[in-house]
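In what comes next, subunit A is part of two complexes: it sits with subunit B in the first one and with subunit C in the second one.
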Partner chain A sequence: MAKDKTRDIDNSTVNDGSHAIRRFSIGDFLIILILVILCLTCVLPFIHLAAKSVSSNTAVMQRAVVLWPVGLNFDAYASIFQDGSLVRSFLYSVVVVAIFTLLGMITCTCAAYPLSKKRLKGRAFFTVLLMIPMYFNAGLIPSYLLYKDLHLLNNMWVLILPLIYSSYNMLIMKNYFQSTIPDTLEEAAFLDGANNFQILFRIVLPLSLPIIATLSLFYAVGRWNAYADNKYYITSEGLKMIQYKLYQLVASATEAQTATLSEAIEVKSTPEVLQAACIMFATLPIICIYPFLQKYFVKGVMIGAVKG
Partner chain B sequence: MKKILALVLAVMMLLALVPAASADVPADWAPFAENVTIKVAVYDRGQEGVPPVEENYWTKWIQENFGDKYNITVQYVAIPRTDVMNKYSMLAAADDLPTIMMEYDYPKVSQWAADGYLTTFNMDDFAKVAPTYYNRMVENNQLGYTKINGETYFAAALRPYYDTAYTFQTFVRQDWLEQVGYDHVPTSTTEYNEAMKKIKEAGLCEYPCGGSMVTGVGSDQNYAWRIWPLNEEEWVMYGDYNIPSLGWEPNKNFLKNENYKFNAGLLNPEYYLTNAEDEKANFINGKAYSYAGYISANMDWLTAFYEANPDAKLAIVPVDGKIDTAAGTNPGYRTDNPFGMIVGFSAKATEDQLKAAWMYMEWLTQPDNLLTFQWGIEGENYTLDENGLPVSVSDYDGESKMGFNNNKDYWCVTIEARQAGTIEDMIKNNLPHDLPQDFTDEIVKWYNDKCKVRDAGWAIDNAKFGVAMEAESEYQTTLVEKYKEYRDKLTMCSAEEFDALYEQFAKEYAEAGYQAVVEERLAAYQAGNSTKPLNQTAEEVDLGK
Partner chain C sequence: MKAKAAIQPSLRERTSWRKAFQRDWHLYLLLLVPVLLVIIFNYAAYPGLRMVFMDYKPAKGYDGSKWVGWQTFQKVFADKDFSRALTNSLVFNLLDLLVSFPMPIILALMLNELRFPRFKKVTQTVLYLPHFLSWVIIGSVAYQLFKPNSGIVNILMMKWGWIQQGIPFLTEKMHWAVTYLLIGVWQGMGWGTIIYLAAITGISGELYEAAMIDGASRMQRIWHITLPGIRSTIVVLLIMNLGKIMGSNFERLDVFANTQVREYQYQLAIYIYEKGLSNGKFSMATAVGLFQSLVGLLLVLISDRFAKALGEDGLL
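Now for the complex of A and B:
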């Protein structure tokens, strides 16, 4: 591997292309500039929020905090940890996301693997059937009634079971199996006496780690960020995921004015400093984990996308 | 000693609220033979740092002190405050509506009645089970709001001081006024505009009128611009504040004044980009003359203001009792709704559940129960001051920690505010005491003056309709959005263009649905399905400087 790298570098010095690398053109400058601006649009709001979360309430109300804290204090974080409900909610969300991702991957694999095999009779029919949820869904109230009859309301499983099957993820996985695992490999295994399960677990899955990592990430991030189902199906405070709590924090701030008018009394929203601290608290761990997972993310999407 | 004080308080509250009511629940209340479960709606506001709404110390307190005594199980159903109607639709679809449903907005509850969510009931039956609650409704003339199409659907909670609400106040820069030669706070529109000009000319503030974008509901209220004597039909058609009344004379005159302020450079030229939080920041940073807000024991923006402007002096805008002929304004003002929560009962509730729900409301209305529910446990949630009045411990964080706004979302089923002592006591307790200035006397005077203005007939309430208003539901969102666009153009156009532009926009607005809305309101009024205005004539009041 090290040798290959050296050879690449040697070649690049010989090729004319190296000239382009050394010369820094206006085009490069523009590209870098655009990239920097794009990066800043993501990073600056985050830094602004971080600065607010450790500033004094007065400074935040004065709009004096931009990218650097004013009147440094950590009271908001202290109250988050003291109160404990957000910390509990965070841990609970991690558990829900973990179970969801595990079950989601099992469901996805169980659907994608058979559908990727030509020997499955009625393959086209089942594929179409399993793609229907991608285009149609029952709507809010029928779903609510269904979950009620299934006794799923106000239950952790309502956040897990309804969404574990995803047509989109299943199609990516099916496509991956079809394009990457040669049929001959399977035939050889059959000749050696392996059955379907053995082939799946001992041959196909070990060869599919990139797509498993990617789809797991899709599942986990999707679940982590979704909150609408919390709003409709969960009422107990202890069963609410952290993203929903954040949504409530922010929504109550924007809705406070209308509510105030309707109630003819001030409806106070959570102070901005505490809001910022809550958002930081919920986001930082994800941001810390993301760079380590990102390599799978990019690789997996490319593998799943190109058939060949 | 504590018990005596609590008793004194309870009696005081009783005297203040329910002069002719009994102090106890009816003697014929008996526990149900079989356990009855009632579900009570409670707002979930997504606040950090308050106990979970469905189960906490206080829900258990209700169960132990009320539920267990009468063999009733009280359950609470969380209703997201930001998504009330959707949540109720789902609960209705699942046949799972709470026994007690409540809302502040009349259109919402009349919609529920029209959709069949609510049961009708006999008010006499209610009066037998809940005499204190019922008598209070009678004394406060609330029975008119309990019916839709002649059928009784609701009970109405009490909103004390609804027509003299003193909790919303406008704070202004008295130091600036003094610097430009005023010894009082201008109250009339003409004098206010002059003062703003002087402040600007003196270089104290670039845009003293400040300003912020309109947000829709409740924007541009024109009560001070109404033409007296009030025309009853116009009041019904245009008087509501949920859909701004573009095309009506008071709205036109109001916007003309905004246009004047804009063109005179008194209004922030970027007001349409300034949100409510930025407007607050502008005041704190000395970039606006006034800011209006609700008073409370903890007013963080006032604290921030004094920190940023240690030498500044503020004043409250006093009540004005005079007519300003030059500007076309008068002391007319909007009252709050003459009720707090409008309480309805699920169409699926059994007779026992209905009775249990009424018992729950009656029990909560009893002064001693209400006292504990509103103030908490003595020595923990509150202490008694030298006059024997309760003072909340604001940083209490123990077992009996109360829900948002002192458990308000639970006790709002009976009353809309905590009360203890005289109006002076309440105003004093409702203000911060760690600030360089104390506004108690000013607000007490404000309240007394407001009472005089009300008695002179200047209070205006909004029409309430006893039928579901379909055009209103259909067009409200569109109209409010259109209004935002039109009113900004009208504010920012030149004074010469104003009249022609107003006429054009009023026509477009009417065609976009406003005509249908006013016609529907008029039809409801003519069919006898609306309330009547409080007054139609009013007289000037001399309140002194």
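Now for the complex of A and C:
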């Protein structure tokens, strides 16, 4: 212990006894270095693209742009707004995501609340009924033909209805209800003459705001990011979400091909710059709101990891 | 307390359906919503699977198409494209597991050794970011950065004299394979740490104090305390991931598609999409999809058994 004391004095910043013998070592330095490098791989690509998207065509062609714009101008963004198709698609995506999240949360609650009640007769049956789709999926073609029969192809609702019930989210919510809302509270309300709806709306939901926030985010981000179903089921331009638009503009275009907005407007930027601007246009909203929402996601993962 | 004692026995009795409905009809009403949704959008698609035993022609529909028994499966298993897609899927999923699985553990150990709370928090926030980006964005950014002639990565490497010619990161199959796998590591590394960091916080601090007093070095503490402390988490996650070895992520493959790398990029999800929706071979695509989900399901069940046999929680 005496040895620790002397080290404690060396290291004036550490007062906490448990950290007494941990001084800043070469190991600490290496760890910080590695973590900083990894963080840079997450941040620098976007800074580079942002810089490229507001640089002049010649600077980009001369390969002079690294992390700072050269020949600052906003032509590429002007073209995007002038063309309007990406902007419209963006707004449309926001609407789809909003409807999806709202209906998703309603469905999720409708499934999770009854199934969280041990007394519910037929609970095991309904649980199995609602869990099977998570483990076994009919696959692309049967689903495609089914949606065709339901007249959902090339329809906004095909992006919403098939996915609003999620077994995974339901499990998280059910676990939350079971673990955080004391049975005695509901029993007391029951004895006071409250019915199931009143208990749900007045007691359970107000106590579940954290999980509601988390699951809403799961729903919203999942819907915002997915594009495969757009590719499978949607053909009209006006019904495509922004991720799929971006896919068509950039990801599916190799170096030989070029990104084009509609031919009606005059695009001053080179495809390089325009692509960078399109990527930033679709990415910035996520990057801007992400730091504020991140903690809710972490919470959701933790609750999901605890089995009920 | 008395009231509760009076309720308990009556709850344990088997209530009749009529009584249950009378008491909980609200709950059954709520359940109707998800039940209808899964019936309409999931269960209603299951009968469509009968087309694997048919020579399904879109123009003729289910009723007009001929029944052919196991012929579709024979055709599929004789199909060269299928064996290539299957091999690619298995090889890439195994490689993916191999390179992507250890990274979050290593990162979690490093984050756990950090002593600056603010720096740790910022690092975590930044490292989680790729998990929230769509594959489209990741793919588009990767194409921009890795272009052989005009991508910044190649430009910088050429400027610094590391290479003479641009490296075709995403347009030559071997380079593509490495880039594809590393992007997978990058995307999942930060997010994967959450579960390990949580497991680490469950380890008693006294163990570390005792070890420090005994003069254990940092590596010794990690090796003898932290790693054993998260072993069960590692085992469960490893088994869970082994259960997913038959899967394939359409979006991840699709955004990195181009003709030069098709030989490796052609995996099961791509096979199903192209044979089915693009070429109209509905029966074959469905048979492959069915094969994939049945084998996948079997693997999940086996993994679950395995985890439980090891005394872990399991997944089901």
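Keep in mind that, in the parts below, the second predicted complex is superposed on the first by the 244 of 308 C-alpha atoms of A that agree within 3 Å, B and C clash if a C-alpha of one lies under 4 Å from a C-alpha of the other, contacts with A are read in each partner's own complex, and residues count from 1 in each chain.
Keep in mind that, in the parts below, a residue touches a chain if its C-beta (ideal position, glycine included) is under 8 Å from a C-beta of that chain, and two chains touch if they have at least 3 such contacts.
The shown structure was predicted, so the numbers you read here are calculated from the model rather than taken from an experiment.
S.K.: Which partner does A:F136 reach: the first (subunit B), the second (subunit C), both, or neither?
M.R.: After superposition on chain A, A:F136 lies in contact with subunit C alone.
S.K.: With the two complexes superposed on chain A, say which partner A:S85 touches: subunit B (first), subunit C (second), both, or neither.
M.R.: first
S.K.: With the two complexes superposed on chain A, say which partner A:H48 touches: subunit B (first), subunit C (second), both, or neither.
M.R.: Second partner only, subunit C.
S.K.: Should A:I164 be classified as contacting the first partner (subunit B), the second (subunit C), both, or neither?
M.R.: In the superposed model, A:I164 contacts subunit C only, not subunit B.
S.K.: Answer with first, second, both or neither: which of subunit B and subunit C does A:P271 touch in the superposed model?
M.R.: The first partner, subunit B, only.
S.K.: A:L38 in the overlay: touching subunit B, subunit C, both, or neither? Say first, second, both or neither.
M.R.: second
S.K.: Counting touched residues of subunit A, say whether subunit B or subunit C comes out ahead.
M.R.: C
S.K.: So, does A:R63 touch the first partner subunit B, the second partner subunit C, both, or neither?
M.R.: A:R63 contacts both subunit B and subunit C.
S.K.: Looking at A:E237, would you say it contacts subunit B, subunit C, both, or neither? Reply first, second, both or neither.
M.R.: Only subunit B is touched by A:E237; subunit C is not.
S.K.: Going by the contact definition given at the top, which residues of subunit A touch subunit B in one complex and subunit C in the other?
M.R.: Common to the two interfaces on subunit A: residues 63, 140-141, 144-145, 231-232, 247, 251-252, 255, 272, 278.
S.K.: Which positions of subunit A touch subunit B when the two form their complex?
M.R.: Residues 57-58, 61-63, 79-80, 83, 85-86, 140-141, 144-145, 148, 231-232, 235-238, 245, 247-249, 251-252, 255, 257-272, 274, 278 of subunit A touch subunit B in their complex.
S.K.: Name, in rising order, each residue of subunit B that touches subunit A in their complex.
M.R.: 44-49, 52-55, 77-78, 80-83, 86-87, 89-90, 93-94, 96, 104-105, 159, 162, 165, 167, 215-218, 276-278, 280-281, 284-285, 293-294, 296, 300-301, 303-304, 307-308, 336-337, 405, 416-417
S.K.: Note which residues of subunit C are touching subunit A in the complex, please.
M.R.: Where subunit C meets subunit A, its residues are 3-4, 7, 11, 15, 17, 20, 24, 26-28, 30-35, 37-38, 40-49, 51, 107, 110-111, 113-115, 119, 122-123, 125-130, 132-137, 139-141, 143-145, 147-150, 152, 155-156, 171, 186, 189-191, 194-195, 198, 205, 208-209, 212-213, 218, 250-251, 254-255, 257-258, 272-273, 276-277, 282, 285-286, 289-290, 293, 297, 300, 313.
S.K.: Which bits of subunit A are touching subunit C when the two form their complex?
M.R.: Contact set of subunit A toward subunit C: 1, 4, 18-19, 21-22, 25, 27-28, 31-32, 34-36, 38-39, 41-43, 45-46, 48-49, 52, 60, 63, 66, 106-111, 113-115, 117, 119-122, 126, 129-130, 132-133, 135-146, 150, 161-162, 164-165, 170, 184, 187, 191, 195-197, 200, 221, 224-228, 231-232, 243-244, 246-247, 250-252, 254-255, 272, 275-276, 278-279, 282-283, 286-287, 290-291, 294, 297-298, 301-302, 305, 307.
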